[in-house]
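One chain, chain A, links the two complexes that follow: it is found with chain B in the first and with chain C in the second.
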Partner chain A sequence: MSTPPGSGTRLDPWFGAYAARTHGMRVSETRALFAVANRPEVVSLAGGMPNIAGLPLELISKVTADLIALHGDVALQYGSGQGHPVLRDHIVTVMGEEGISAHPDDVVVTTGSQQALDLVTRIFIDPGDVIVAEAPSYVGALSVFRAYQGEVVHVEMDADGLVPEALREALDRCKQAGRPVKFLYTVPTFHNPAGVSLSVARRQEVLEICRSRNVLVVEDNPYGLLGFDGEVLPALRSFDAEGVVYLGTFSKTLAPGYRVGWVAAPHAVREKLVLASESAILCPSHASQMSVSAYLENWDWRGQIVDYRKMYRTRRDAMVTSLAEAMPECSWNVPGGGFYTWVKLPAGIDARTMLPRATTALVAYVSGTAFYADGQGADHMRLSFCYPTPERIREGVRRLAGVISKELELVHMFGPEGSSVDDDVEAPSPDLL
Partner chain B sequence: MSQPFCLILAGGLSHERDVSLRSGRRVADALREADCRVEVADLSPDLLPRLTGTDPSQRPDLVWPLLHGASGEDGSVQGVLELLGYRYLGSAPGPCRAAWNKTVAKSVVGRAGVATPDFVTLPQSLFQELGASALLDVVTARFGLPVAVKPVHGGSALGVSLVSQPRDLSQALMEAFAYSPVALIERAVAGAELAVSVVDLGEGPFALPAVEIVCDGPYDYDARYNPGRAEFFAPARLNDALADQVAATAVKAFKALGLVRLSRIDLMVDQDGTPWFLEANVAPGMQETSLVPQAARAAQYTLPRLYKSLVEASLSA
Partner chain C sequence: MSTPPGSGTRLDPWFGAYAARTHGMRVSETRALFAVANRPEVVSLAGGMPNIAGLPLELISKVTADLIALHGDVALQYGSGQGHPVLRDHIVTVMGEEGISAHPDDVVVTTGSQQALDLVTRIFIDPGDVIVAEAPSYVGALSVFRAYQGEVVHVEMDADGLVPEALREALDRCKQAGRPVKFLYTVPTFHNPAGVSLSVARRQEVLEICRSRNVLVVEDNPYGLLGFDGEVLPALRSFDAEGVVYLGTFSKTLAPGYRVGWVAAPHAVREKLVLASESAILCPSHASQMSVSAYLENWDWRGQIVDYRKMYRTRRDAMVTSLAEAMPECSWNVPGGGFYTWVKLPAGIDARTMLPRATTALVAYVSGTAFYADGQGADHMRLSFCYPTPERIREGVRRLAGVISKELELVHMFGPEGSSVDDDVEAPSPDLL
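After this line comes the complex of A and B, so read on.
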């Protein structure tokens, strides 16, 4: 075959101009499959969307209208890069529920806690720097770490959360290898995706391990107030204000549409975070911050959280009861709070490979591979119970049981040796978070 | 007809929903630019009441199914449109069904004298009945490696693997079976990967310039939708004689399958210059990085002009 000379196109005139950190970005098939998950016919046990049906929409509507009518000249204007002072006062009160004693000056308001995560990574991580995180870990964090070319070292968890001995070994191993760890990223309470919480006894131990090795702790705590029995575990930051950077959000306890989160950090870190945030976004949305403040001032938000706990508990119960009935060949944890159940699949099943079969059966989940930086996790899937009704959860689990049954037939035919290891980390999307 | 009213169907429940939605929006934009009245509708329970409604202003002159995968490409939506008495752009249900099933398409096109790589079609159940290991041994002894493993239905390279090592064959089949209960194993052909768009604007089918795809690795889902991963040559780097042969092969496949108006024929051209038919797509991708728009531009068509010509030809047929 002759090949006359010709010049091709990559359909992107800037192909050679992108930063090295974009080179690993991939368009995954999984994202295509989640486009189907948004259809009403599909029971999505994938997304981490809070169920906001119980919010007092009339009140929110009124306070928002009043806000614009009475203070529109301020609400619709630029604001402070650190965040609105009134909201920062409220955030200190909210964090007080978890035992944190903070000053409003310690707080930087962000566009969701995802931006807080981005800012913390931006100021601490150079390419190749090591971040220690639980195994598995929050997919949105892994994506940020990858974007800044950090390297994640996973540390084992058990039913009581991060295993201190494993943490100790990982930190020491990294140090001996000449690769000091920049920070520990942890979701200690109602972990996403694993659903477990770091026991109170271990909290002090984990902090001591990090403190003695001069490793910063980044505590991501979106679900801390959503314990189903009403117990609120003390935040890591409540024990150590100097060694812990705390990330919080109103996305789960109020509504994600406001995109209001925050970071509470030691003084010097906070100063850098403010500068980094100003360079990224100038300031967080003033209107959103003032709306959240108005909600907190005009509504029994603690009572609202109690209602959320009851609602999510009902859904959790529907999930674990359905799993027990329909999937005896799987194992899972019973989360005490939060949004997720972490399900171990029968030997040989690859959650990522099985996903198209599931979406064909009109049910969606997130493959465990999304929650590891190193391609592990194919033997797990994350099931969310936060958004679907209990009836839909039961139906979704029933469908999923059929999918697993079919997949097991394949595994028995072809054997488990075919399981894939995939190095791609999912980019975060609302379907995965 | 001064301003035809075209209803584009996009979305649906297939694994290619996202791509279909983007194709639908792109075609709609181009048709509006060509002064057509256009609406885009999803495949949902709202669609039939809308199509059977009595308001004549809501009745489209033409429906363009741009549904990738499943009911949009297997002829079933076209069948429903015929039941409702609507004119639509594209092939009839029978040819759609033939093209949708890669095995049937290869058989039909092969019988018409077009080369197509050796293949075998294996339903999941057959592995159960004959034993997976023994069956895979037979396949690899016959074809050798590498082979392409594909779901017998579907596009966008979903569930498709190029297998070079025997140990990877099981995983490739499991990935294919996740999309379809039947898998196709095909001898891999090395050479140039080409996509040939065949259109019929009312005077018979002809091929637009072939688009050559060069990719560092398989032309997989990421390479298709992540600009930069693949390099495209439109027209393909073929000498005139071979370009003519490729175009004739694509048109021959188009005719053999009984396709109408628009299709994309995927081919490989080996080192000896033989074009090998791989598959035909009755609802090819039409988004910004898709192959049909690239071919149209290589033929000096603007997209509004080409798409409006397709609409007008469909209305005149």
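After this line comes the complex of A and C, so read on.
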């Protein structure tokens, strides 16, 4: 039981009334970074905003106008908690691109895939329950797990994604410790932030490891269709309909402003998700869902995704080329899709303490620490190439290289920093940036 | 700790993996009633769907088209977790209609006010914490409180709303029992389902009772601007900015399909709500928020609300007139605004067990039991007059009167029923209806 109400402070009279989970809520790095990204003089290699400049706005304007004029009585009304049936049909088609065979009844539409994460965590996680996740892992997922007081056990990745042997060991170690694992949370394709994909050979192996131990797999797949060479990897869900809860979204293949994502789940889990969603939001927006359906019905959305791939590939190329040209003593991978490069910093440099100096030099990134539940990650930074133009990416990398060079001079002169680190600062505050 | 994963059933292999909160999730009566309302032959006096036929769809179509064509790059992009600043300005203006003086920084935009309820409960309620609420109370709020394993203590209402003396006693009783109350949840104006409003004289008294006991007030106000004689009661929040968390929505004054609601809260609480919302959905839909702003800027929304009042007043009149004409041995109030009439059934009739017979007679309502956390309410039913036409309302009441007459014949012949009640059935299933 938390402190009783009435034991507030001068600054917050309700401080004593909060739930235990609330005391663990911290300003997310993502949130702080929205503030940076909005300052035009800063090159933000931080945020995950997709570049939607290529969208056919005139067409979307027209189909949305028709939707409201002809079907406004439905589009502006409440809908079902599970989501609009027509959109769920389309979602099944979209998932088919990744080899998934599903039924519209398996699908629950959510307010972005972030809500899907929230709902899955809500129905499975009691305080103290264990979730296994890649090291590093998506910051927004870690934030949800923390909100439900779950505990994350990280499992290492290599260039082929999650390492099966490490997963096996982690699950068995948790079991032996009497701490059963509620689910594996994984971003198998074009990982955020690591940029790697789970190899096809490993996909079956990871599923088999989880299946044999009765561990559910939560597959988060926002970038699966954004492979730069056009190859689409088979989703984990395509191999296993009963052991995988699949999260998808239109935020990256269409646009995030509708906040339309989804979850495809085994029947009984899906029922719980609908109940949880009705409690959370009653129903997802009909206007948004029907707008997305209208877009899919009136535009070559597969061609749009091909355009997006080319556009992001050009940006990825700008990123890795300029990294190779300018970045001293760092290493990174060359992502085959998605939005992010994961850069290992030179020994002695701390991504978190460097961030204020980088923003002073008008470039922003996300410290690797955001992607771990356990304080690791200060030796990495995530650089996103999704939103800025190639020229801005190159300029951002040049600025960052300058900052790192100066840091290196200090390291070489005085040894690795660290004494100035305030361990309490987990996220940059908006004011700092 | 719940049952370990792996202890599933044949029907649900993941049954053993659910969180404790999930086992308390039940099919909501609201959900089941969506299924009824969609069958055209049934007169539904059950659902709370607003009647949006009076909306200027051509205008909304045009301003939405302009929004996408001219500002699609923003409208279809991510936004801030707190909500779009322009919309928050408008929301302050809307709240001003109820005497509220607020700042846009006090406002957090949510996915309908249901999400506001979810977030407020999330940040305040640990399992077992007490929430005080009117008897009866809004079904969607009770569902959220149950999802967070909160415990509801009901306080009686009379024709002037919540009874201050009963509130005082309930709070003191909880305190003496060592169970401090986290907040009072109240719908002070045009209550759902009871149809009554808290008198102006009592508003200050209720606030003073809570203030003196350090109990937060959560004021849920979806219907405040829908008073049939045009009178607008001052919101509780208009008297107390620091002790009241106010929930509002555009679902009833504009349309529910955008899923745009909001919460106005004291500064420190507002900060927690933003963090909770970012974890839950990242950010609310820009497209929805900017569509609502465009409507407010391009249409006489106050005039629209006046039209809505007249339209709902006509329906209220159809409801109470036909009740007076047809309904045997029942009593009800005449609501001054909102969507609902709360009808007391004759002695011996159970609203829950009568429901299948009513739907067989092609009329639906919500059993009073949906509006209590403690099994009360079988002697009441909620009749909504918001969606059907006046003629359909009259037809629905006639059908319902027929059902009740038949029930009464049985009661008079055999005494009150009850033996056939299955106490496990808390909600009608969609198949039943």
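Everything that follows uses one rule, which is that the second predicted complex is superposed on the first by the 394 of 433 C-alpha atoms of A that agree within 3 Å, B and C clash if a C-alpha of one lies under 4 Å from a C-alpha of the other, contacts with A are read in each partner's own complex, and residues count from 1 in each chain.
Everything that follows uses one rule, which is that a residue touches a chain if its C-beta (ideal position, glycine included) is under 8 Å from a C-beta of that chain, and two chains touch if they have at least 3 such contacts.
Since we're looking at a predicted model, the values are computed, not measured.
Applying the stated contact rule after C-alpha superposition, one finds that A:I125 touches chain C and leaves chain B untouched. Judged by the touch definition given at the top, the superposed model places A:E41 against chain B, while chain C stays out of reach.
Of the two partner chains placed by the overlay, neither chain B nor chain C lies in contact with A:T249.
Once chain A of one complex is fitted onto chain A of the other, the partner contacts of A:L11 extend to both chain B and chain C. Of the two partner chains placed by superposition, only chain C is touched by A:P180; chain B is not. More residues of chain A are in touch with C than with the other of chain B and chain C.
Of the two partner chains placed by the overlay, chain B and chain C both lie in contact with A:M25.
By the touch criterion defined above, A:Q114 lies against chain C but remains apart from chain B after alignment on the C-alpha atoms of chain A.
Contacts of A:T369 after superposition on the shared chain: neither chain B nor chain C is touched. On chain A, the patch touched by chain B and the patch touched by chain C overlap at residues 1-2, 4-6, 8, 11-12, 15, 18, 25-28, 31.
Against chain B, in their complex, chain A makes its touches with residues 1-12, 15, 18, 25-29, 31-33, 35-36, 39, 41-42, 350, 353-357, 359-360, 362, 409-411, 413-415, 417-420. Here chain B touches chain A in the complex through residues 13-19, 21, 124, 127-128, 132, 156, 158-159, 167-168, 170-171, 173-175, 177-179, 191-192, 212, 214, 221-222, 224-235, 237-239, 242, 269-273, 288-289, 294, going by the rule given at the top. Taken together, the chain C residues at the contact with chain A in this complex read 1-2, 4-6, 8, 11-15, 17-22, 25-28, 30-31, 34, 49, 52-53, 55, 57-58, 60-62, 64-66, 68-69, 72-81, 111-112, 114-115, 118, 122-126, 128-129, 140, 143-144, 146-148, 180-183, 213-216, 242, 251, 255-259, 266-269, 272, 274-276, 278-288, 291.
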